[in-house]
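Each of the next two complexes has chain A plus one other chain: chain B in the first, chain C in the second.
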Partner chain A sequence: MKKRMLEVNDLTVRAPGPTGGKILVDGIDLVIRQGGLFTLIGETGSGKSIVAQALTGTLPEELSPSGRVCFDGVDILRLSAHERRSLWGRKLFLLPQEPERALDPTMKVAAQVEEIFKVLRYSSRRKAREETRRLFARLGLSASNEGRRYPCQLSGGMNQRVLFAMALASPANFIVADEPTKGLDPLLKRRVTDLLGELNRLGKTVFCITHDLLVARRLGGNLAVMFRTRIVEKGPAEIVLERPSHPYTQGLFQALPENGLHPIPARMLQEMQGV
Partner chain B sequence: MGRLIRVITSRLVQGFVVALAVASLTFVVVNVTPGDLALQIAVARHDLESVTPAMVEQIRKEEGLEGPVMRRYFRWLARTLRFDLGCSLVNGRPVGEELIHRFSYTARLAGAGLLVSFLLAVPLGIASGIRPGRGVDRFSELLSSVLTALPSFVIGVFFVLVFAIKLHWLPAAGFTGIRHMVLPALTLGIGLAALSTRIVATAVADVRSRFYYRFARMKGLGGMHLILRHGIKNAAIPVLTLLGIQFAHLLDGAVVIETLFAWPGMGRFLLEGILARDIPVVQGAGLLIGFTYVAVNMAVDVLCVALSPSRNPGEAPP
Partner chain C sequence: MSRSRSILSRNIRLSTGLTLISVVVALSASGPLLEHRALDQNLDQRLKAPSVQMPFGTDALGRNILARLASGGVNSLVLSSLCVTASLIIGVLLGLTSGWLTGSLLDKSLLRLVDIAMAFPGLLLALLLAGLLGGGPAVVAVALIFTGWTDYFRLARSLTVVGRTAPYVEAGRLSGFSGFFLLRRYILPKVLPHLSVLATLGMGKTILYISSLGFLGIGLAPPKPEWGAMIAESLPYMRQAPHAIIAPAGAIFLTILGFYLTGQALARNAGRQGAA
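What follows is the complex of A and B.
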C-alpha cells in the first residue's frame, strides 16, 4: 500500500452567520494515496469547490473550517496563511479552470513554464529551456513555435496544455484540478481529461473536481460523489459507476443523454435531503 | 514586427497632420487678432515716439505682411515645409537656431522634472497599490489631491520663499549651474507626480487583482521575481500611456515654471513671442511643441507594443 498523500477527516466548513452559520461542507472523509487519481463529483453548490479550497489553502477568510486536512503529514488547517502559501507550487499545484485568465498576457508561454524550473527547481537558464522544450513536445506543442507566442495568440486548447506543462514542471506532486473541463466542447473535454490521466501516469497524484460524469468515467481511479454538503458514495470509479448504490448517483446516471436524459425526480431529491 | 511598423507609420502621418494643424492655427490666431501688425513690430523695434507711417509701410513690405491672407498663408507654408522658420520680427535672428537653443534648456528641465516625478511616483505608487486602502495609500491619495489642486506656480512660489529667500539654500532664478535647476525641476516633478502616483497605484492594484497574478503566486513564485516579472511589466503599460498624455502637461507647465524661475526655455520663448506678436517665433515654437508631443506619443506606443505585442497601443488590458 502506497503512503497516504492526503487524509481528510471530518472536514466541516461553515459560512458565518447566527446559530453557528450555514453548513457548506459536512463531515468529509477522504484518503488519497501517493500516485493516486481521485475524482470528486457533485453538482454546483454541493460544496465540492469548498473542499478544493480547503485542500489548497485558498478558502475565503470568513469561512471557518474544522476537522483535519493532513497533507504529507501536516494539518494544513492549522498552518498560518504564510505557511500555507509556501506549499503552493512546491507541494501542491492548483490547475485553474480558465487558462486565458491564468496566463500572464505579456509573457511568452514558454517563458512562463521556464520560470518554474528556474525559481522552484533552481535550474540554469539552459536547463530550464531544455526541460520546457521536452515538456512541450510531450504535450504536442512546439517550444520554438507555440512557445514563443503570447497566450492571446494561442487557442484555448493550447493554453490549456501550457497549464499542464506548468503542472508537470512544478516540483509539486499533488495536482488539484478544479473543474478543468468547465465550458469546453466535448472534443476538448476528452483531451483535457486524457491529459489529467497523463499527469497521473507521469507520477503526479491527481485530485480532480468535476460535475461531469463522463469526465469521471474517462479518468477512472477513485471516485467520491458529493451531494448537498456530504459525500454520499465512494469507491473505485468503475464500481461506483457500474453499480451506483446511492439514489442520487443512480439519478445522475438516469440523467445522462445515452440513458434517456431522465431528470432526477424532485420527490427523490426532497426525500434524500432528509437523509 | 509588422505591427510596430504600422504603429510608426500611422504616428508619422498623424505627426504631419498635427504639425500642419498647429502651424495653420497659430497663423490664423496671429492674423485674426486685432491691431496693425506692422505698426506693432515697428514699435517693438524702435519706440512709440519715433515710429513714422513710412517706417510702418517699409516693415509691412519687408516682412511680407501685405496682400491677401491666403497668399500670405501659402507663402509662409511653403517656406515652413522647407524647414525655414524665418527670422524673429523683433530682433531679426533666425527662429530655428534660437528654438534649438531654447529647446535644449526645456529638455533639460523636462528630463529633470520627469526624473523627480518618477522617483516620487513609482515607489509611492507601488507601495500604495500593494496595500490599497491602507495607511500609505490613504496618505498618498490625500497628498495627490492636494498637490493636483494646487497650481504649479503656487508650489513654485512656495519653494522660492522657503528655499531661496528664507533658507538661502538655492538660487531663486537663473540658469548658470545645476543648482539653478533644483527648484524648477522639483516644482515640475511634484506637479507631475501628484497624478502619476495615483495612476501607478491603480495600475499595481489592478494587476494584483488579476487572476494571472494570483496564479503566478500559486505556481510558487513570490517576492521580487513575482513583482518584477508579472507585476511591473503589466502595470507599466497604462503608466507609460499616461506618460505620453502627461507630456502635454509638461509643456504647459514649462511655460509657467520657466517664467517663474527665469529659465530660458521654449515656454518662455513662446510667451515672449506671443507678447511681442512675433509671428515666426510663435509659429516655430508651436510647431516644435506639436512635433515633440507626437514624437513622445510615438515612442510610448512603440514601447507599449514592445512590452505586449498582443495588444493595440492604448487599448486597456483584457
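What follows is the complex of A and C.
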C-alpha cells in the first residue's frame, strides 16, 4: 500500500449566517494515496469546489471548516495563512481554470515556465531553459516556436498545455485541477483529460474535480460522487461507473445522451435529499 | 530598428516632440563650454538686437543671450530630471506597496499623506521654504519632489490594485511566487509604461515650475543664468529689447511643448497597447 498523500476526515464547511449557517460540505471523508489519481464528480453547487478550496487552503475567510484535512502529515485547516502559502507551488499545485487568463499576457510562455524552475527549484537560467525545452517537447510544444509567443498568440489548448508544463515544472507532487475542462470543446476536453493522465503517469498525484462523467470515465483512478454537500458513492472508477449503486449516480447515467438523456426525476432528488 | 523608424515617421507628434527635446538637449550640452561667455559682461554691447555674431542678441548687461540660454538649459534640465526621477522612484515604490496592501493601515496613512501633499501648491511651498531656508536649487527640488511624487503614487497604486486581482497574478501566487516577486515580475512591467508617459509630461511641468520660481527669484542665484530669471531681468527693457524676453520665453515654451508632444504620443501608444 502506498503512503497516504491526503486524508480528509469528516470535513464540514459552513457558510456564515444565523443558527450556525448553511452547510456547504457535510462531513466528507477521502483518502488519496501517493501517485494516485482521484476524481471528485458532482453537479454545480454540490460543494465540490469548496472541497478543492479546503484541500488547497484557499477557502474564503468567511467560511468556517471543521474536521481534518491531513496533507503529507500536516492538517491544512490548522495552518496559519503564511504556512499555507508556503505549501503552494512547493507541495501542492493548483491548476488554474481558464488558461488564457491564468498566464501573464505580457510575458512569453516559455519564460513563464522558466520562472517556476528559477523561483521554486532555484535552477540556474540555463538549466531552467533546458528543462523547459524538455517539458515543452514532452507536451507536444516547441520551446523555440510556441515558447517564444505570448499567450494571446496561442490557442486555448496550447495555453492549457503551458499550464500543465508549469504544473510539471513545480516541485509540487500533488496537483489539484478544479474543472480543468470547463468551457472546452469535446476534442480539447479529451486532450486535457489525457494530459491529466499524463501528469499522473509522470509521477504526480492528481486530484481532479469535474461535473463531466465522460472526463471521469476517461481518467479512471478512484472516483467519488458528490451530491448536495455529501459524498454518496466512492470507489475505483470502473466499478462505480459500471455498477453505480447510489440512485443519484444511476440517475446521472440515465441522463447521459447515449443512455437516452433521461432527466433525474425531481421526486427522486427530493427523496434523496431526505437520506 | 526599422520598426521604430516607421513608428517615428508615422507619428508626427512623437517626431516633433523628440526633435524639440533633442534641440534643447543639444543646446544645453554646449552650455558648460559657453559658461564663462554666459557670465561675461560687456556694457558697450547692452541690449543689442540679434545679429550673425550673437544670434539672440545681448541682455541689459551685454551678455550673450544664446550662451545664457544654453547654460540655463543645463540647469533646468538637470534639476527637473532630478526632481522627476526622485518623484518617480518614491511614487512607484510607495504606490506598489500601497496598492498591494490595499486597505491596510500603511495604505490608508499613505493616502492621507498624499492628500496633504496634494493640498500644497508646489509654488507656494517653494516660496515658503525659500522664506524659511533661503533660496537655492535644493529648496526648489525639495518643494517640487514633495508635491510631485503624488501623481506617480496614485497611478502606480491604482494600477497595482487592478493588477493584483488579475487571474494570472492569483495563479502566480498559487504557484508559490512571493508577493515581492509578483510585484516585480507581473505588476511593475505593466505599471512602468504608464508612468513613463506621466514622467515625460512631468518633465515639462517641472521645467515650467522651475522657470516660474526662477522668475520669482527663487532657485539659482544670479548671475547664474536661469530661463525664468532671464525673463525677470529683462522685464524692465521689454520695449527697447523684446528679444531679451522672447528668447528665454521661447526656450521654455519649446521645451515644454517638446515634452508634452512626446508624452502625448507615448500615451497614445500605451493606450493602444492596453487595448490590444
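Assume the second predicted complex is superposed on the first by the 275 of 275 C-alpha atoms of A that agree within 3 Å, B and C clash if a C-alpha of one lies under 4 Å from a C-alpha of the other, contacts with A are read in each partner's own complex, and residues count from 1 in each chain.
Operating definition for what follows: contacts are C-beta pairs under 8 Å (C-beta built on N, C-alpha and C of every residue); 3 or more make two chains touch, one makes a residue touch a chain.
Predicted, not measured: the structure shown is a model, and the values here were computed from it.
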### Task
Could you tell me whether chain B and chain C fit or clash when both sit on chain A in the superposition?
clash
### Task
Report for A:Glu7: first if it touches chain B alone, second if chain C alone, otherwise both or neither.
neither
#### Entry: Partner chain in contact with A:Pro105 - chain B first, chain C second, else both or neither
both
### Query
Taking the superposition as given, does A:Val119 touch the first partner, chain B, the second, chain C, both, or neither?
both
### Message
Looking at A:Arg90, would you say it contacts chain B, chain C, both, or neither? Reply first, second, both or neither.
### Response
both
### Message
Quick check for you: in the superposed arrangement, does A:Gln153 touch first (chain B), second (chain C), both or neither?
### Response
first
### Message
Once chain A of both complexes is superposed, is A:Met166 in touch with chain B (first), chain C (second), both, or neither?
### Response
both
### Query
Which listed stretch of chain B (8-16, 26-34, 62-70 or 80-88) steric-clashes with chain C in the superposition?
8-16
### Query
Taking the two structures together, which residues of chain A meet both chain B and chain C?
56, 58, 85, 88-90, 93-94, 96, 98, 101-107, 115-116, 119-120, 166, 170, 172
### Message
Taking the touch rule as given, give the residues of chain A at its contact with chain C in the complex, in rising order.
### Response
56, 58, 85-86, 88-90, 93-94, 96, 98, 101-107, 115-116, 119-120, 166, 170, 172
### Query
Which of the residues in chain C end up touching chain A in this complex?
166-168, 170-178, 181, 185-186, 189-190
### Task
Would you pull the chain B residues touching chain A in the complex into a rising list?
210-213, 215-222, 225, 229-230, 233-234, 237, 307-311, 317-318
### Query
Inside the complex, what are the residues of chain A that reach chain B?
56, 58, 85, 88-90, 93-94, 96, 98, 101-107, 115-116, 119-120, 150-153, 166, 170, 172
